[in-house]
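The following pair of complexes shares a single chain, chain A, combined with chain B in the former and chain C in the latter.
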Partner chain A sequence: MTKKKNHILSKSIVHIIFIAASLICILPLILVIGVSFTDENSLMMSGYHFIPKVFSLDAYKYVFTGATSVIRAYAVTIFVTAAGTFLHLLFMSMLAYALTREEVTARNKISLFVYIPVLFSGGLVPYYMLMTRYLHLKNTIWVLILVQLVSATNVLIMKNFFRNIPQSLIESARIDGSGEFRTFFSIVLPLSTPSLASIGLFVAIAYWNDWMTCSLYIETPKLHTLQYLLQSLMNNIGYLQANAGASHSMEQAILTLPSEGARMATCVLAIGPIIFLYPFLQKYFAKGLTIGAVKE
Partner chain B sequence: MNKRISRTGRKKNRTLTAMAFPAALLLFLFSYVPIVGLVIAFKDFRYDKGFLGSDWIGFKNFEFFFKSNDAWVVLRNTIGLNFLFIAMTLLVSVMVALIMNEVRSRNMIKIVQTIMFFPYFMSWVVVGYLLYAYLHHDYGILNQILAFFGLHSVSWYANSQYWPFILTFMFVWKNAGYYSVIYYAGIIGIDDTYYEAAALDGASRWQMVWRITLPMIKSLLIVMTILQIGRIMYSDFGLFYNLTRDQGALYATTDVLDTYIYRALRVTGDIGIGSAVGCFQAVVGFILIMGSNLIVRKIDRDSALF
Partner chain C sequence: MNKKRAMALLLTGVLTAGMTGGTCLEVKAEDKPVELSFYMMNSPVNDQERIMEKANEIIEEKIGAHLNLIMVDGSSYAEKMNLMINSGDAWDLCFTASWGGLNFYENAQKGAYADLTELLPKLAPETYSRVPEGLWDGVTVDDKIYASVNYQQWGAASRSGFKFRKDLADETGFDWASLKGKPTLEILNATGDFIGKALEAHPEMIGWETSANYSLFANSPLHWDMEEVGDVATPGWIRYDDPGTVINQFDTEEFMEFCKIMRDWYDKGYVRKDGATVKDTSPDRKAAKFIAEQTTGWPDSIDFEGNADAEKMSMCTADIAPAVAVSNTRTVIKAGAGANAAVAVSSQSPNIEKAVELIELLNTDDELYMLITQGEEGTDYVYGEDGTSTLVDGKYNFNFNEWQLGQSYSPEFTRARYDNNESGEKQKESQSIVFAADKEADVSPLSGFVFDPSPVKTQIANCSSVITEMVPALSSGSIDPEKSVPEFIKRLEGAGVNDIIAEKQAQLDAWSAES
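Entry: the complex of A and B
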């Protein structure tokens, strides 16, 4: 009897802990969404609230019609994310496949070549000088893509799943006269689609969330990404506040820059696609984590 | 016959090696060339003289950094905060994984994992906004709560003493879901027969956690932790830059090697100092990674990086 009572007690403790943890994870997001739908005057009067005191769509109207270039930033971000993810998967999978084939005599040397940069890197300053002074990649859309094209970790993960493809399939394709490239693109890659999708999702999120590359190398506003735009909004108002000394200058800030609500609305737009896709993609994320863990 | 096989073999070798070429070229350009570029740490770099033309000055740049007051603060913050991050994330994510293991409902685990994993996919810029909504001096939730209890409001972005806690909390908030998924995967991999035998002997759930679950995932925990300690010289730049909104008043407790290097490059323009600090970070980082990998190899050969 007591055992059963104990069981119910521990079960409800577990539930309470989980509800609390989930709330901690999700409340900040609800707060930002709430603020973005709140009337600006109500914000000034009573501060931020999880549920809008006075509901308003003005912030979103301002973002889409106002001077801010959110739509342009969306286009840049979507292009960079799509092109970057595609090229990343293409180049990394080709490399990983070559490293799994016995015929490649230099594969140990290539492996070493791939892993050394994980251990030792030149750091930000020489990298920045290379990109700007020698490769002249400043203010080009390519820099946003190039910076994240290589990942030794992903090569390692891909190697593991290419090894699991039965050799007999590759052999029989060869006997049927298929060239190496054709075997790779029409047999090896299609067989690896689920795993590639998992890795691709992580890569896509990394591209979507990248703000630093843009802040380092892009000055022309038409190439600004969504995350960088968002960060500039925060910094501009921060800059005004720092100059005026106190937060009393808020009215002045509101007159010249996007209002509080509009900034939060931009924030919601920056996470929007992830929020909508997340429930569908969640199973791939969890899978992507564990495929790397299985080693032979 | 033999000759023919070797000829096709050689051809295959060439085509397959060609497949590795684009990635190798990218690696050479973006990873190896900057390593050579580290020589500017030993030069008095001037834009007009360029990379090769600038004068050699030996370890002067390093000396400047280590004799400055910043060196101690920056190193203490980098290592101290990273230790806090690693320890608290380990504690929280292991606890979450253990609690998940007590839940029998698959649906509930799925829902909780989905929600807890969510912050991992936010960019630090977005997390900076979320935090700002709580810490804003006039409108923020925390000061509203303080006011509710009749307390004075706090200028969060001007007082550095709160920030080690705030940053640790946010790091755990963002990463605990990720690590708990990994640890939970380790826990469900444990053979059920251990638990069945323990149950027959009348062990309580609590005893099973301490005598079976934790010892069984011990090496996973150690390996994951040591790998993180190997990267203790490197900080998550986005966290430090965006959450603090780069406020100078907070540098005392939030300035780390990566933010210091960034400012040397972009704000003060001390290219030499910035690359010297970067070089120091890379060398010490290399030693730590090699050392931690050596330890990991001893514990669990398969989990080592190489």
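Entry: the complex of A and C
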């Protein structure tokens, strides 16, 4: 009897903790959505509310018609995320696969070449010089994709996964007359879908959330990504206010920045699509997390 | 042997290819207008292509150049420009200043900017002559001018003061006019009484603005009859009464008194309780919640009646928040005034002379300047029946960043959008007072002195982390100054504040011995 009671007690404590944790995650999100649908005047006079006191779609109207073209930014971000994730998976898995094949005699040296950047990085200035002066990628959409094309960590994970694929399978494919590419695309890759899906999800999120690359290399507003717009919306006001002493025009400049509601609306739009990727790929998630960690 | 020869052949091949490639480009450049890139800080602008196409027609015809105006968001501009300079990326002109991480002096010392000492008087004579002499000192490093000053329509001399809600002052019988020229502490004490009375009648309002970004003491030395040596956010200011001695501004009676007043206001509920962490106060300003505020604009309501800027609270209109302003400080051209807003040319630019010609054109061709900064009349802005000018929603809008592009001042008032009516005339009149005063204002005793922070870089970084932690809390009254100010000073000393002050003093002494 007491055992059962204890059980219920501990269970409910655990539940309360997790409910609290989920609320901490979800409430701010709901608040942001609430604010984005609130009329600007009521926002200034009575502050934030979960349920808008005066409902208004003005913020969204502003976001879709204003100078910061959210729709274009959407297109850029979706293209970069889709193309980037596909190319990343392709190149990363081809590299990882080659590094597991014994036929590649230089595989240890190449591996070293892959792993060195994990430990050492050149720093921001050389990185910037490489991109702008040698690769001439400044202000092109490709810079948003190429910069993150291969991740050494992901190569490591994939390599461990490919090792688990029985050698005999690849050998028998060869005996049956399959070339290296065919073996890779028709036999190895289909066996790797769970790991590809979970790495793909991480990569997609990284591409979706990347604003740093855009802020460094992109100069035409046409190529701005969604997260970059969001980032600058959030930071501009503070920067301008802190330096308002420099010019009287600065105060007016602050007035032209998007209102609170518009900033929240951009927020909602920026998290929108990527949130739907989670439930869609969740079934691969748990499997994916143990990839490379457990050897059978 | 063979390998070596092949290598040599290959190298020569590459070299000749590179050389011929180079000459090809030069030939092309002569046919086409010179491409000039100009980086500035601005939020995205609608219809930029339409306006730039028209602007470039003028620029191509007048000086044979093509301007590529690149706008970078305020929050990332400083970092981006410094990165471009450090990595040797190509740019021709850029907006620069000595605040907000833009590091004008550091970059000038590094040799990133072209020396314009001789080019400006030769290729941009009118631009050069329009700016008061003292301002050029502000952009001079080692006797060389490294940027063209953007002389703003608000003048160069500073005079600070306070603004009060006019309707509430009338309601409570607050005698604001008698505060003119009084020390800031005395005004704050009087303001406290006023806020108390006004809040009784209007409890939904906020007495005074406090935020994490701005402290009336730390960000506004002029209010305290002091001036910063080097960056305003670093320790080490001077008093105008004793300009030869560098002091720790936080170790002064004024700072202690200021913090005590703010603590008192905090306890009485005159300021926001979360003032130490609030970053964006514009919603409160737009909602007309503040009863009193500091101001840097002048002439005030006593010197000149009808100055539109003095008659409304910040970010409000005169009908919802009418205001009166009194100024209480001296009128002074600060040492940093020249580098407040300036345009620099890259020392790596292949077209430095063309770039200077462009500076002259932007500063003297009013039609071109108005086109880029305001758009086209009738399309982007319109004059109403009463002569008031307004921007058209959703059209070209330069976000009021015209002051970064060039001088917004001209003797004929043709470089800004003034209303075509009495209030426009009033505005011109009030600005002409400012320009007249610019000629007579005190010139800062530090004018021409440039502090080189590199010997005390570590100490400055250590101190600024202490300052960003403590100053917002002290300036918003959320901690008790009796206990915290001495603690703050002790922590600053631990972070090396005395080294910074000694270094500033040494450099200042060496400079004054020289001149």
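To be clear about the criterion, the second predicted complex is superposed on the first by the 273 of 296 C-alpha atoms of A that agree within 3 Å, B and C clash if a C-alpha of one lies under 4 Å from a C-alpha of the other, contacts with A are read in each partner's own complex, and residues count from 1 in each chain.
Rule of thumb we're sticking to: a residue touches a chain if its C-beta (ideal position, glycine included) is under 8 Å from a C-beta of that chain, and two chains touch if they have at least 3 such contacts.
All of these numbers come straight from a predicted model, not from anything done at the bench.
By the document's definition of touching, of the two partners only chain C reaches A:Thr132; chain B does not. In the superposition on chain A, A:Val14 makes contact with chain B only, not with chain C. Of the two partner chains placed by superposition, only chain B is touched by A:Val118; chain C is not.
By the touch criterion defined above, A:Phe276 lies against neither chain B nor chain C after alignment on the C-alpha atoms of chain A. Once chain A of one complex is fitted onto chain A of the other, the partner contacts of A:Asn235 extend to both chain B and chain C. Touched residues of chain A, counted separately for chain B and chain C, are more numerous for B.
Within the superposed three-chain model, A:Glu260 lies in touch with chain B and with chain C [touch as defined at top]. Look at A:Thr65: by the touch rule set out above, it reaches chain C but stays clear of chain B. By the touch criterion defined above, A:Glu219 lies against chain C but remains apart from chain B after alignment on the C-alpha atoms of chain A. Of the two partner chains placed by the overlay, only chain B lies in contact with A:Glu180; chain C stays clear of it. Within chain A, the residues touched by chain B in the first complex and by chain C in the second are 43, 124-126, 128-129, 133, 216, 231, 235, 238, 242, 247, 250, 260. The touching residues of chain A, when paired with chain C in their complex, are 43-45, 65-69, 124-126, 128-129, 132-133, 138, 215-216, 219, 221, 224, 231-232, 235-257, 260. Across the complex, chain A is touched by residues 9, 12-13, 15-17, 19-20, 22-24, 26-27, 29-38, 40, 51, 96, 99, 102-103, 108, 111-119, 121-126, 128-134, 136-141, 143-144, 173, 177-178, 181-182, 185, 205, 237-238, 242, 245-247, 258, 261-262, 264-266, 271, 274-275, 278-279, 281-282, 285-286, 289-290, 302-303, 305-306 of chain B.
Within the complex formed with chain B, the residues of chain A that make contact are 10, 14, 17-18, 21-22, 24-26, 28-29, 31-32, 35, 43, 47-48, 91-92, 94-95, 97-99, 101, 103-106, 110, 113-130, 133, 135, 146-147, 149-150, 155, 179-181, 184, 205, 208-212, 216, 227-228, 230-231, 234-235, 238, 242, 247, 250, 260, 263-264, 267, 270-271, 274, 278-279, 282, 285-286, 289-290, 293, 295.
Listed in rising order, the residues of chain C touching chain A in the complex are 43-46, 48, 70-76, 79-80, 83-84, 86-89, 97, 99-100, 152, 154, 211, 213-214, 219-220, 279-284, 286-287, 296-297, 309, 314-315, 340-341, 394, 397, 399-403, 408.
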